[in-house]
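Both of the next two complexes hold chain A, though its partner changes from chain B to chain C.
Here is the complex of A and B:
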């Protein structure tokens, strides 16, 4: 099967899955206690606006028609408006998304890189004091309760020592007075440091452990023996032959552990009041703002599916033995 | 295998397990937490003041630090933190073990059916498993909470279990596939045994040990998800769990003033998951000789 055909097949598959998720959510929405109108339409709106919204979302129609309208609205990006903000949820989400992407991608890249490097060192020096220290620390990082770890960092580095701000993403005084751009970037980084560290350490543990065991598995392969027989230096064998192959499973695990990362990301955003999608979802759920919660949920589901597709493709690209 | 051989094998496995530093630490930690959970039944009997949920020290109006009366201090309404911590251990065990058990049962049954039936059934069940596996359980619980309101603890346990069976079913399925072609299965089919009988009488006893190995890892994730949900404020409001304690310290604004309140519950969650994780790793080594060899080489 050609690569193009494979991608096509995968995209169809993802579309179907997403469709199933949409449908399931609609079922649950109708099944849950309380009327659909009370969940989707803010009682604080003027009567005309309420009627307009009910019409738009098809809430006065029978369930099946409502379902069709729901699907249509979803694909045109009309997901209702938030009770709390009084704006269309799609625009709220678009405003929050970049912050989540920034925090998420930076922490994942840093943690995966550090995990691969440290896992390599740990496996190479197997049984040494360094290896024991690294593996045990990784195990502890891996099982830490994320919000608690975040609270500890916040307490010690933010409150006690006062090195970092206690939350948020910007200092208003810097942004209102129109400071230079480098200063603004520094300000964001300053705010990002603690949430970034939280996610970094949590993910570092699992990547390190995975890289270590993957590397130990690779050492037994024939091509490592061949490389040794050829008289290549240990450093070349370690970095060129072993580590490159051992890093493949780590890469796939980035995709597979995405569910875990999203849980952790939402918790971290919540503790550090980082204005991302995860915090928005939690905020929406605690304020009974269903339209907003629904939109956040669907976005997260879509991201998970697309990310898994990308990992599948990357894996095929990096491992020449796999052809589709 | 005779009874004696079974015992012998178990003893040998136990020796390897207990010699392993991970296994030793894991078992020790776990025993401490079990004692805590047992203690939670007796603490309120000493004095109703020590009831983790309703007990209030009449002399205390705000959160106070450790004292003779309250080993770990009290929360902002005068409830004993030590008693809450013990109660939290009980809830953690209940949530972790029951959720893991349900997901193991579901995963085993679905995995066996999927592997044994093959064809379309197999494809549909495994695709379903794939989808559930990649979905973040906390996010699912949150959207369900926004639709259905606050959940009772057993519903939370059940939802976590539903989110967690796929990994088990994948392993059980591949095990079933290899068993399916063994002669004794063929023989019983020829002898006229029904599919259900073959699955539950012949395949199940062979895959169960494997299923229970995975239980320790399920326990960990169930405890973490429940704790996270409670921490966010969507837990069962009638139960004192460790996540709930963290939620209270955070929401009441004592986070920075009362480390004696903030540190213990999070530490307990982390240590309990660590101990289950170590237990799982050590058990892996007992059951998988390849891994053990590696350890002996060093």
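Here is the complex of A and C:
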């Protein structure tokens, strides 16, 4: 099968899966208990008010009719408006998405790069004190409880030492005084440091361990022995022959991590008050804000599906033995 | 070993160097910012637990939106923070009631909107038309008692009522006034929309126009909300409710904190001057040790209660409900679960609401020892014809584990469930459920407490109405006790209705309808007290506790917070709080 044919087939598959997910999401939310107004526990809201609100939200119509309207709107690029914010879902997502992408993509890429380099070093020095140190540190990072670690960083670096701000994405005091753009950019970077470090350390562990075990597997391969027999230097064998092949599983993992970074580490976003998609998703689900929650899940589904396709294609690029 | 150390290749070293540089640059940025931050003395910084959902008055009904909007949109009358009496706010004086004509004449203050235009009778007329045209939830249902609204002159308005109304002042004239300038055009567009109310709610409000002490200056979503002093605020320099009103701060900066832990750190660090949220008692000891923090503890107008499904057996039996009310040890709940930060409740109207609260109702289990709770509860059941396989009190008067409780009909009591919110939503209610389960088991009741997600719980109790008993609460009850009507009047015993227990009592219904029309407070109080007495005799709800509200402020820069029922976080505090120097 040619690559083009493979891509075409994959796109068809992805489209079908996407619509199955869309349909499932739509009905799952409507089957879940409660309604968007059930949380308005306000005795001032009379029965007539509740009926009026339900009618205005379009929830008085049969579920199938709502589904048809939803599909029609979906194809015209209208994801509806949030029950709680009253704003178009697409504009809410567009406002939150860049923050999530910025933080999570950067942390994933940095952690993957550091994980590959350190994993390589660790495997190359298997059994040494350095290997032990790196492996144990990686295990600790991998098993860290995110909110605890995030709060610890905030407590020490933000509160006790006062080096970093206590959450948020910017210092309002600087922004309301009309500071220059470079200063504002530095301010955002300053705020991003602690959440970035939290996610970096959390991801670093798994990438390092993955790279290390993959490298150890590769060392036993015939082509490494051949490379040695050819008289190549250790550095070339390690970097060009072993590491390049061993990095494939890490690449898959990074691809999927990037995709899942859309829903963000909701906990990290919550602790650092990072205004990303993760916090929004949790809020939307717990408040039965159907349009917003559906759109967030659809976005995750779409990104995961596309990321899978890209990883498949990258495999073929990285490993010439794989063809489609 | 040396060779292995050399193996830290260039990649590894360069990675380390890059990270070190990054850390240093960002650290220096921090130091630079710390030097840069010139504290504006009259800038009050307040922490919020969540972002306001909307600045559209008709959609922003969550507590955080309300906090912001309450500083912008004002009503004709409000409550005195100390006496809780209704006092004129946008109105100039007390309304004049004409019994014969059923009219209230209200004189308006010389007030201005934040854009400098006059607030006049026209705006009140517009507000009324707006409520009626769009059937605005929460307001229309109360305003529909108005038959006609008449503007005598620019600052005098007459409300003609359909019938006498007890809640006219406290629930109708406390509605926010809106300006034609802000909403007129939107209203015209909304009326032509397929769903007018939805159109109205979805309309984005960038610059709300109000008459309050502050106006919105800038809202950066996800980051902060900046409000500035309204130079046209009608209260500035006036003494209202014995407070000389400011505002004395130039602006307020609202910052969002995702967790209470971080907000408390920010308060201690001085990043914020106040955290506008109810703090959990667990933080108190730590906060009290800080010399720059002041903690405020105030009563809440709240009700946390256990409700029964009185529509079906066995809870249709009053004696069973009374027995359960007796077995509950409210002092235990107060000391162990609320850690003494609250008050036990014996009536549906909270005790902090001094005027309407009836202290003379039947106070189940008050002052009893743990053993006496069981003995008393046992006695009530036994007198009502309940029997046991093993009675919980033996012939010697000693308490043993009761087993096999049988209803007066001789039928063994079926297993039943107390639904509670989950511990992560509200640990107090969840733990109270578990304790009540244990006490009820001692008397032989086959009960289990089951935590359920809040949405499901409301759906089960209010929508499907398929339940035995539940524990719920209202964190902020209106100070007017008219809620006693929707909570227990048989007319509200419908799916999604507020009478969740399904309580039906014609005598109570009559009183509930009657109180609605009594304008004279003292007369109405008699009826409200009688209603509380009936409720505590029939116990469709067992009032459990009313937690205190705990709030904390930094004392470094500001002083003068006003304490009131429901805490210091209010327009009153923000109108009088002053910089220290």
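By our rule, the second predicted complex is superposed on the first by the 270 of 324 C-alpha atoms of A that agree within 3 Å, B and C clash if a C-alpha of one lies under 4 Å from a C-alpha of the other, contacts with A are read in each partner's own complex, and residues count from 1 in each chain.
Basically, contacts are C-beta pairs under 8 Å (C-beta built on N, C-alpha and C of every residue); 3 or more make two chains touch, one makes a residue touch a chain.
What you are looking at is a predicted structure, and each value in this text was computed from that prediction instead of being measured.
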May I ask you to decide whether A:117 touches chain B, chain C, both, or neither, giving the answer as first, second, both or neither?
-> second
Name the contact category of A:163: first (chain B only), second (chain C only), both, or neither.
-> second
In the overlay, answer first, second, both or neither for which of chain B and chain C A:270 touches.
-> both
When the two structures are laid over each other on chain A, which of chain B and chain C touches more residues of chain A?
-> C
Report for A:19: first if it touches chain B alone, second if chain C alone, otherwise both or neither.
-> neither
With the two structures laid over each other on chain A, which partner does A:282 touch: chain B (first), chain C (second), both, or neither?
-> first
So, A:155: does it touch chain B (first), chain C (second), both, or neither?
-> both
In the overlay, answer first, second, both or neither for which of chain B and chain C A:33 touches.
-> both
Please identify the positions on chain A that touch both chain B and chain C, taking each partner from its own complex.
-> 32-33, 39, 151, 154-155, 159, 270, 286, 288
Which part of chain A faces chain B closely enough to touch in the complex?
-> 17, 20-21, 25, 28-29, 32-33, 39, 126-127, 139-140, 142-149, 151-152, 154-155, 159, 216, 256, 258-260, 262-263, 266-267, 270, 278, 281-282, 284-286, 288, 290, 293-294, 297, 300-301, 304-305, 308
Where on chain A is chain C touching in the complex?
-> 32-35, 38-50, 52-53, 55-58, 81, 84-87, 95-96, 99, 113-114, 117-118, 120-121, 124-125, 128-130, 151, 154-155, 158-159, 162-177, 183, 186-187, 189-190, 193, 235, 239, 269-275, 279, 286, 288
Touch list for chain C against partner chain A, complex = 1, 4-5, 7-9, 11-12, 15, 19, 23, 26-27, 29-34, 36-40, 43, 51, 53-54, 56, 59, 61-62, 135, 137-138, 140-142, 171, 195, 197-198, 201-204, 218, 220-224, 226, 253, 255-259, 261-262, 265-266, 268-269, 271, 453-456, 458-460, 462-463, 472, 474, 477-478, 483, 486-487, 492, 494, 496-498
Can you list the residues on chain B that touch chain A in the complex?
-> 131, 133-139, 142-149, 220, 224-225, 227-228, 231-234, 246, 250, 255-256, 259, 262-263, 265-267, 269-270, 273-274, 277-278, 294, 298
